[in-house]
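Shared between the two complexes below is chain A, which has chain B as its partner in the first and chain C in the second.
Now for the complex of A and B:
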């Protein structure tokens, strides 16, 4: 504990260097921007900015990219409250009470409550990250290849179990990711596989290009179907919380913080899920559940806090196990790898500066976002008024540039186009895309761990002789069966289908 | 000819898009399965590079078959329900075609001309001719300056340096 706080202080020294504060600010500003703009989310923005970080130090690059992630969570709130249009999936629930508050002339209350809740949730979850990550990483160091393989299978089952309405469609998505990851040089044997004779595919497909196509370009294609959308903005009238509103609001912020943090630990969830659960939990705990949906501050505070505290929780599996919980985290993992870092338990030992610098920067980022949020809400709302017919072409050319910069080649633009068309088809057929990104980055680790396990144990005995493996594999089966059962009982919420953050 | 196209379009609208996609997915996994036999399953050092792809593609193939069955039985998505009308699809195809155009001509014309043409082809349906030209050129030039000058990205350029 004291050791962790000491490391955090060292990280803080890195995070508050002028350059890193600047990068953190850029990341937060971009995050806010993409959170505000309905056509683009943190996933696409993170993928887009990765190529621009090649020249940066690893810690600065990761600080900036993380800023986009949690900045996006703050930004989505503003459009939910002011124009009843969530900038990203996690803010869908905020519309339910945020917009009615705005219509009552209390938009300022909704934004303030959301901003303070987001701040508290963000800070508490970072403390959770500081306290939980090091011991978990120590424990994960004891994992052998068999345990790692079982953990990856478990993660994939969680992803397929929680995302999408249909198990079979989730599995289709998983296998698209696994098959795409096979392209290129096998890191275990060095064999070049499935390249269709193309030298440009020897290095494999890039997670950045794939995500840019699947999430970015497909969103542009869907958006281009209907370009006539216009948004009407409510003004941010300054107002304060009324007497009697403080207590329930503070309570919902505290509950939302814990809920979001623990939901973040579960692979396959998205920030929309804790927001939704928080809203229904607050409604159930409230003395006036009938007022929910008519514009009450705790209806905004709980979900907004939960989706921000989710971010800190979601970083734990990445830092300690090398497992991404969401598409944006998968791209962040790609960024780690591009900068020569391997996310996982050894990261704390080999690159403590990067880990603790990044964690500390999240404190700085939350403060920056708090400053940028409420006072500048009207400015961000104006940004959200950019018409789609202008927005999508601009995002398109930036996405093309982002794909091009991956290897400075038009080949990547072509790959992005193919992935974009695939993503468009998947969206239309309601096949979740997030598993593709998550599985794509895990596939190499999965192959390596199963090969090593077979080699060490001269067969698959490593999987059923280890209690950890058996537990994880049994849990995986239970998750799949439960998911199948839930599917047939039609009990899944539509919010669980989201591919967005 | 026009009659046949109309008849084909109305036939396609009623078809099950999920089933068509499942067939594509099966073919995709079959390619990986067949090609996986090109790589050794065992080597003298142990398991070979064909092991993982073979099992993954077998499982993918099985998943594809199950998906095709469920798409017929309970997960039907007709093209009509899943995809937008002719105007929407036209806009989508326009974007795809403009990216193809950009990818093909950019190495010869340079980024600014290719990018401007790409954006112009999208803007022209939404704005007047003069506005389309101005917006397309302005956005492309700004992007060029940011990426080329500020981030030193080696964008494709023509003989005049843009």
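Now for the complex of A and C:
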């Protein structure tokens, strides 16, 4: 452990050389930019920029590409808060409280809390990476298809917490998400489903396109109705937290850090899962769960922290075993190989400078992002003041461009527009949107993992023979019963007392 | 007078047409006079994408024109390739052609046929490697197959998706050896390798490059690769053939243009690809990714594609995929 810290210091010396700081800055800035623009996420940006790194030294190249990765995680928050359009799946839950905050003129609070949370999450997870890497990586390998399925069931139960006022409407939303996830080729059987004979749908729908339509476009359509009224945010409220908001926010940041880190270790997860679980967990632990969704800072802080600390966790399997845990990490792995480095335990021995330089640069990158984001939060917050008449066309253009870049085709734009209209209708029916997007992400993995588990074990024995699996499944059942019970008693009390709804 | 005016007009028109046609023939001789697009029918960042981008850099130098690389993923490569097939056969729209082109017709993935394209050249060969956990009770293919024969249907082999080339490779081994495996599809090769490392499955038959890290980490061992000859990157690993199983199968990638592209354009493109694949940069990248540089010129690649079409149609029709 002491040895690790010593190596980390050496790495820090590499990371704070002026050129590497510059590359780290460029990476973070590019990452932020692509995070802000929907369509191109950090995965695509990393892939597209790899060829530019040919001429650089391996350390600088990797530092820059990592910067894009976590910079993108920061950037995704901005659009979620300001225009209710998540640039990637991990930011879907940020919309839930971030956008209401922006509507109250408190976008600055949301962005600042997210920046602080991301910083703490990032730094803590890097410490985890330095101190705990090897034993944890082996533990994480225990997550096979059966355990993955149980984890996803757990995640699905968490979605119940996001359902808003009515259980029935929440279920409708969940089933829409499931239905959308069924489109395309099923990897297990190779069967093509619900594509209406279209070649373009064989690969399934893209989460980015769906999010931009359901969240962004539908918001514009609803907003168009009252365009003549000037119900604008009158002023930008103070971007400071109010008294009494500090406690829960700090708590959610710390819990989010640990959650994200451990989720990052598990191969095959995505950063949307820790964000989702963090939000549900905060809501459950909160003294005032009914305020979630109306714009409270801890609803933004927890998930944003979790999706950043996920990055540090996800680096562990890459560095120790050569396993890419997520699509972006897979591309980073490609970048390592392009520079003649094979990620894995031998990398620590053969190229300690690269490994520790990269890890140390993540500290530097998080500091850079904090410096960039906290003052910027006030600038971004002013965007919320732009009159809708001017803001909407810009958002529309960005959304169309984003949808086009998903696969460079107008087909995705068409899907986005259809999703926008569906989103508008759902909004009119008061059906929550977040479960659609999250269930879409989870159910695809869930279906695959259960089918794999059944095939490997020739039945369901994989589920009850694994302790991890059983624990997760039992927890899921408890949560489900608890939330159904809460819903029931809530309804009863509302029925007795409420007359304002 | 009137007639002579008409005659002058006639001359002008004829002269104009000559000049224009002259110009256009000059244009053809000057191919390429504007940027060229390479369509990659897969996502950015994958092996096909990176291969195309590096080749594009080399071709760009040889042709003196900018080459754009565009990703059009979807439908097992069907979306991107269909688009190139429908493009003008003028050499300005090129497709990256993966091994899947020879399967589209048989597997009914799309209406693409392998003779929809003129082939510029082959770039790479992507060998399949039979890989198992390092502590597995078998050290050779023979032992592995014997074990599988003794435990029919119990040995689990991971692949990168139902009907993928690695699934077909495992099924081919099944056919040749007479063993019966339990095929487990994953969403890409990397998750399959991860599951192998975690002990959730017994073997994988994916691209050798995907398992290299695991081998170096001391978690996995490669029993054999399914190429004709040993791979210079891993000289200690025997081929399936050496081990007594006639299994030669793998992925490959090349470049193609829509059918009917002029011969002189084809020649220029082919020459630029030959140059690009010979560069050290390309060779280094390909071998680090566990692939093999395998340049074939237009004629040889065309013949190779035709042979592979017959081979795979035959193989696939005998297989029961999707189970």
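Couple of notes before you dig in:
Quick note on the criterion: the second predicted complex is superposed on the first by the 271 of 501 C-alpha atoms of A that agree within 3 Å, B and C clash if a C-alpha of one lies under 4 Å from a C-alpha of the other, contacts with A are read in each partner's own complex, and residues count from 1 in each chain.
Keep in mind that, in the parts below, a contact is a pair of C-beta atoms (placed from the backbone, for glycine too) under 8 Å apart; a residue touches a chain by one contact, two chains touch by 3 or more.
Computed from a predicted structure; not experimentally measured.
With both structures placed on the common chain, the touch criterion links A:389 to chain B but leaves chain C unconnected.
Applying the stated contact rule after C-alpha superposition, one finds that A:337 touches chain C and leaves chain B untouched.
When both complexes are overlaid on chain A, the residue A:408 reaches chain B and chain C alike. After overlaying the two complexes on the shared chain, residue contacts for A:189 are found with chain B and with chain C alike.
When the two structures are aligned on the shared chain, A:47 is found in touch with chain C, with no touch to chain B. Residues 51, 186, 188-189, 191, 408, 455 of chain A lie in contact with chain B in one complex and with chain C in the other. Taken in their complex, chain A has these residues touching chain B: 51-52, 55, 166, 168-169, 171-172, 175-176, 178-179, 182, 186, 188-189, 191, 193-194, 220-221, 224-227, 389-390, 392-394, 396-398, 400-401, 404-405, 408, 410, 413-414, 417, 420-421, 424-425, 428-431, 447, 450-451, 454-455.
Those residues of chain B lying in contact with chain A across their complex are 17-18, 21-22, 25, 28-29, 32, 35, 39, 43, 46-49, 51-53, 56-57, 59-60, 63-64, 66-67, 70, 75, 77, 82-84, 88-89, 91-92, 94-96, 99-100, 102-103, 106-107, 115, 118-119, 122-123, 126-127, 135, 139-140, 143, 147, 151-156. Against chain A, the residues of chain C that register as touching in their complex are 43-45, 49-50, 53-54, 57, 70-76, 78-79, 82, 109-110, 156, 161-163, 182, 184-187, 190-191, 193-195, 197-201, 212-214, 216-219, 281, 284-285, 288-289, 321-322. Against chain C, the residues of chain A that register as touching in their complex are 43-44, 46-48, 50-51, 54, 141-145, 185-191, 199-203, 267-268, 317, 320-324, 327, 330-331, 333-334, 337-338, 340, 342-346, 407-409, 448, 452, 455-456, 458.
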